[in-house]
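First chain written, first letter: the chains are A, B, C, D, E and F, and each begins at residue 1.
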């Protein structure tokens, strides 16, 4: 891994920490997906990965490449932008579908549709 | 070198198809005019190509696409064999065009562009000298064939098409596996370079090479419809609309072409002791099995189009077996048989299509031959000889035309004189005896004769059922253009009987050329550009 | 005209006439003309043949070679010697008479042009057989006679007997013809030439060759089937459904003689061995007696004649089989004699049928009172058939008796052959009497179908002419037939080999004469004894039950219908699963055998395993196996899991330094998922546990599981072996070295795609285009299953609240549901387009390219469709995917063609860096234009695929109006 | 004139920005091409007839952004704790929030905020009653959630977009 | 690395083949998809595996050995595209078949579950 | 030292991410509802994207970020389709 040797130690340690933090958050988020008891709870969990998890990893990447290339590189920011725009769409559509299913099944855990809905 | 004659048969149909798409389906006349022009020019091009390569000696024309050296870029190679196949495809397409104009093309969308794409795929497969490019052109022609097979939709077509596509998708996977293994072992995709490298493949990877070749072979054998890989064929062909099925008569021949080309080029005598004649036994015995299966199927076929489909199987099997023998003279005969059987089966599909059509464009069923069993039983009870039945046997002109065409097809398929089917079989069978006491040769020889006999039985039964027992059942409304297609195809067969010598000489030279591939290799890879 | 050109004139004549006659069809009352043309042609042929007499009599062999396919040793060799000349006379002579006869016999209502055209063509083919100087050519014409015989027998195809008879004749004779073909090929192989003269000169060599026996058997099969020899004799009586002129011409005088012609012709080559003696002699003997025996019990006039013909053909065969030169002479003699009297008898029978309206012997009698001339002529011919002295039949029969007496094969066999010869002769007398007496003498039956008259003069003329010939030959044999017979026999046997024989009416009191007398008396007695017995019988005793026809039909039905159908029922090959199973098994077998044919190094290297990568593929494997197990009942789960597996392989591509692949794989997967989801709406519900699982299904699953595991192992080991032995010097080197300098791009993969191997890409986009068109065409006629026609349940339910509320639009809930996501997607649309363009423009240097860009744009569009609905999108944007496809293809091809203008091959790339103001250094590569074509096709095709599918729901009338009711009913 | 050629200046500017980020370059050529693409693609966007957008208060937008980032970080920690603690007493549930915000862009931003913040999720929105239904992972007090959403996010959004 | 990838290819192929032999059209299409994953990886792997290699040329000249083998990648790309197209077609055909025959059995007749 | 630390950190991060992916896959297999599976697929995509970033960092090449970008921008299209299918029974209306 020759190119990483070009990183100064401070950057290497910073990148290492950021990478680990990002991975850890994504890990915890997915753990939640496994651990939480029902769908509505689970749906919150992956957000950890899409927000802070991604943020740390992007930061690591930006640091790493900016230092390596000796110029600021913000390419990765786009990932964050795109992810922020797209994740809500999926989750909103998905939760709505779950709510529909539960209402159809007459589940007591979900609010029934208001009179006109 | 810029002999653009070689690329033209591929690019022209593509160009025409693209234009047809841009013109749009609504402007039917323009689309048609484009198709006709394309097919006519293609035939001329193919003829010119054939003349060019048949000049003198073993001339092979090489076209380096993108001007990259042959070893690295994609080359097109025209030799006698590929020129022959291109001509066959073009002639077939041109001959079928009038038929398709009749009524069939309106049964679904984009018939004409699909036909052009099919031609592009066929010509590409015949001309390419690159293994992966061959895969691509196979996919082009298969995709077009899916489109054409499904043309007009309908339950029968779709369920047969489903099988056809599933089987061919599986075959394509095998094709890719085989090509990549061969590439992995040799590091090249150029066929001539492969031929050059195969004798020098290190022993530790030769098994891989063989595995690749074997898997590739299975892929081609699926296209060739070798037993037990060809169960898809009769149904698919029977379900396709007649003009399409007729064009498909050439499709199995593409598999045959490739097997012939690759087995002789890559695994010919020059491939070294470990690899020469690799797989030829499989082809021989596979061919034998296919002939048997096709014959049995033909005898049991219950409708006319299926009968034709099983005839395709028989011809495939015959060709496979003949290739498997790996004798130049047999190959020459097999090529003659290939040409004749393609034309004959195409004509037969057209006849079957006209017989099944009752003027109503929406019914697309093949003509059923169901009440077979009544034959022979009917007269059993009423004494040996009934009164001479002098009731009027006047026959309408369309039925007479179809009857004569049917009879001609039967003769061609069974290999009976006076049409060229007999000559083709003779040209193939006679040299088989020169193979010496080889069990395979003897079995194949016998089977071809027996299959011819069974064809007589089946065709006779079908013909009697259709034309003699219940001619009331068929009300063909034959248009002049439709009969023109049949006439062209059968006329070609007749012409090939009368003027047999020149074509057969060409085929003998072709066989000699592909059996001694050194010249091919040398011309594709001239010493000057040996290494970059 | 020189003699050497005459043979070709003689053989061409009938064919030309046939075509002319055929073209007459439909021209009013042309049938007179057709008949006269036939007669005149045959007569002309006869005259031309007679012209050859001097040359033939001099013992010459005329040869005329017309080049045809010299490369295959196949030329048209017309060869006329005495034997073939005799046959030519027979063919043309009887042809003339039959033409004349048919003119009056056939009804003008029938399409006679066809009839005479066929008859003429047959005549030509028959001439072709006898004049062939090349054995392949002989087979050629041989098969043609079978075909014309088939068409002529089936001439009145409305009646089942005609059809069955024609079919049987064709199958038997053409089958025999194919055997003959094989035999002749063997013969040619043994001799080294197909030329008849060469073959005739190579008799010793052939007889000594290892292939002698198969050759002999195959050729004999041809001869026996054609000449209706036991056990193939049954087709001939069936062929009697043909019009009588055909029976007279083909089935007594000429075509059936082709078999014995062949025996005689090849006698010098194949004859004289034990095999020949036993097979030919034996078959002839059995046929002789069987035919004669059956003829006695036949009730149909033509049937009697047919069995009689079989018997006489057996006689000739036996003569050839006995193996002596004298036998051959007798055989030739009898060929001619039989043709004469049998043709005239057939014509007489036809005249009777024509006049009396029936051929049933039980219904006929006393006709001599109405047609005395015919009766007299029939009497003469019948007497010839019975072998009465002073008629030609007597002479050849005497020779036959002499031959049977001359055989020396042991006392018992000699006895048997003599006894059978006499018996058959006696039977011949019996049926001849039956024929003549039964028709012309005795009481006139109470009711004849028609009032009989003497037939017209020109119908009687041929009968009379032939009867006269019987008389002349019978009384003046040496004068009338002697020279011709000598010429024929010597051409077969060789000039010096002719045995001593005398063609005299009286040889004194010899054993053969005594045998004849005995046979005659016995025959008369037998007739008297059997008369009453036969009258009431339908079939012959003993043999009647064992009808050859019925056996043939049974065998044919079993072989050609029952067995194939049984196989099809038993092993239904049309099931896709079994087809795919075969493919998998065969590929496994082929690959396995080939891979194990040579040893290859296989050493697992555990050290190189990256734990993270291993973990990654643990997940991939879980996804794949999960998808496999869920695909039946939980489609969505399977789809999601497949997506997982795809994602894992996408990550692997990145891991292994292939970003282009990762991007492409990812995008394709997204599109595929959407596509499958679009389709899932039309699939039926599957509910687990509804149908009980049988043991069979469990077995299949386990079997397939085992196969799948073996396949997996095989593919894995191949992949591993290939990875462990990468080739040292692949062509990739070249691409890496030249991509930048000559291809103008840093992304080697993309340079390969658009430049080095741009031709592949051209094919690839064609595939996309074709598939899109096909899908488009297929979906135009799409018809969903009844159960999925309805709007999905969800939509029917979700519309309920809106429907109850006046203030809310019909799809208010839907609008709310998609409001925010739709807006975001709408905002992202230009961003996605921008990203697509970015991917496109950088593709040549960095991962990306036309394909990825195209799919990106297509996904953007599809997102819009999902968020806003098809109607909305199409109201705002004009999407013309087919045009995109066409334009893209055109652009790609044109780019390729542009290089032609510069004298370079197709798709030669051009690139340079252009220095532009402001913009700076810009790469200008023709490959980019090509890639733009790719882009356009990909956008068009992908969008067309998805939209065509999506439109299916739109095409159905929306049933939201009655949805509440339906939903209420279900809720 | 500007309206016609530059109907969506903000969008065009954003597209240019994205273009520059994608190309990691601020060369004149890149900027020129990006600007051209920005204008062209904005016109394509215009074909879709989007609802009109007006951003009235850019500083507030920046403030809101900071607030959201802080909230996201806090929620990340909170949710991570919940997941790791395996707290079975934790109550979650739906909260219906009556809204005053009706601007589509405002609602879209609100949706992104709520959904991007771990622990809350946008479930459904009823435009006729203007009621938003969200789901909250750790629901202690429904009223405080309603209040917090309306105060922290809806109010600024109202100011920015309406 | 090689061992893992080989095993991966094997498992994908095995799952795909098992599905390919199932009676429901949906199973077959998923099977084909899995098989094509396997085949793509197979082609890709044939040139030997490289981690951390450069996929894109850094400068005009340089050490060829540091780059990933581009040709198998190009072949896989073509294969992916063609596979996508044909899968799409197969999907539409199976839908049409389902519409015409009323069931989703590969043979169009609902005999076995 | 700091570099081997970085290497180890990346490897650890990758393993963590792979474990995260495996949790997603378990959820995908287990369900119980289709919504759960789709949610898990979405999470899988995000985790994979983060994993790609780690690979990018390890190989020092920005090119791999590209694949991540594609996932971020377009990966959701599949999940949108799946969700819409669950909600409406068809993807495009």
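In this section, a residue touches a chain if its C-beta (ideal position, glycine included) is under 8 Å from a C-beta of that chain, and two chains touch if they have at least 3 such contacts.
This structure is a prediction, so every number in the text was calculated from the model and none was measured.
Peer 1: State which chains count as neighbours of subunit B and simultaneously of subunit D.
Peer 2: C
Peer 1: Give the chains in contact with both subunit D and subunit F, ordered by label.
Peer 2: Chains in contact with subunit D as well as subunit F: A, C.
Peer 1: By mean C-alpha position, what chain is farthest away from subunit A?
Peer 2: Result for max centroid distance from subunit A is chain C.
Peer 1: Return the chain pair with more inter-chain C-beta contacts, choosing between A-D and A-C.
Peer 2: A-D
Peer 1: Centroid of subunit A to centroid of subunit F, CA atoms only: how many Å?
Peer 2: 9
Peer 1: Please work out the Cα centroid separation of subunit E and subunit F, and write it as a whole number of Å.
Peer 2: Roughly 20 Å, centre to centre.
Peer 1: Could you tell me the distance, in whole angstrom, between the mean C-alpha positions of subunit D and subunit E?
Peer 2: One centre to the other, that is 39 Å.
Peer 1: Can you work out the whole-Å distance between the CA centroids of subunit B and subunit C?
Peer 2: 15
Peer 1: For subunit C, which residues are shared contacts with two or more other chains?
Peer 2: Counting only residues that touch two or more other chains, subunit C contributes 574, 576, 580, 584, 639, 655, 657, 659, 680, 715, 718, 722, 726, 730-732, 735, 737, 757, 760, 764, 767, 770-771, 774, 778, 781, 794, 798, 805, 807-808, 817, 820-821, 824-825, 827-828, 831, 835, 846-847.
Peer 1: Which subunit E residues reach two or more other chains?
Peer 2: 20, 25, 28, 42, 46-47, 51-52, 54-56, 71-72, 78, 82-83, 85-87, 89, 93-94, 96, 100, 106-107, in rising order.
Peer 1: Two or more other chains in contact with one residue: find those residues in subunit D.
Peer 2: Residues 18, 22, 111-112, 122, 124, 126, 128.
Peer 1: If two chains touch, include that pair; go through all of them.
Peer 2: After working through each pair, the chains in contact turn out to be A-C, A-D, A-F, B-C, B-E, C-D, C-E, C-F, E-F.
Peer 1: Tell me, which parts of subunit C touch subunit A in their complex?
Peer 2: 794, 797-798, 801, 804-805, 807-808, 813, 817, 820-821, 824-825, 827-828, 831
Peer 1: For the complex, which residues does subunit C have touching subunit E?
Peer 2: Of all residues in subunit C, those touching subunit E are 574-577, 580-581, 584, 604-606, 608-610, 613-614, 617, 620-621, 624-625, 627-628, 631-632, 635, 638-639, 642, 645-646, 649, 652-653, 655-661, 664-665, 668, 671-672, 675-676, 679-680, 682-684, 686, 690-691, 693, 696-697, 704-705, 707-709, 711-713, 715-720, 722-724, 726, 730-733, 735-737, 739-741, 746-749, 752-753, 757, 760-761, 764, 767-768, 770-772, 774-775, 778-779, 781-787, 845-847, 851, 941, 945, 948-949.
Peer 1: Using the touch definition from the top, list the residues of subunit F that touch subunit C in their complex.
Peer 2: 11, 14-15, 18-19, 21-22, 24-25, 28-29, 31, 34, 37-38, 40-41, 44-45, 48, 51-52, 55, 59, 63-64, 66-67, 69-71, 73-75, 77-78, 80-82, 84-93
Peer 1: Taking the complex as given, what residues does subunit A use to touch subunit D?
Peer 2: On the subunit A side, the touching residues are 25, 28-29, 31-32, 35-36, 40-41, 43-45, 47-48, 50-52, 73-75, 77-78, 81, 84-85, 87-88, 91-92, 95-96, 99, 110-111, 114, 116-117.
Peer 1: Please output the residues of subunit A touching subunit F within their complex, sorted ascending.
Peer 2: On the subunit A side, the touching residues are 1, 3-5, 7, 9, 12-13, 15-17, 19-20, 22-24, 26-27, 29-31, 33-34, 39, 42-43, 45-46, 49-50, 53-54, 57-58, 60-61, 64-65, 68, 73, 75-76, 78-80, 82-83, 86-87, 89-91, 93-98, 100-101.
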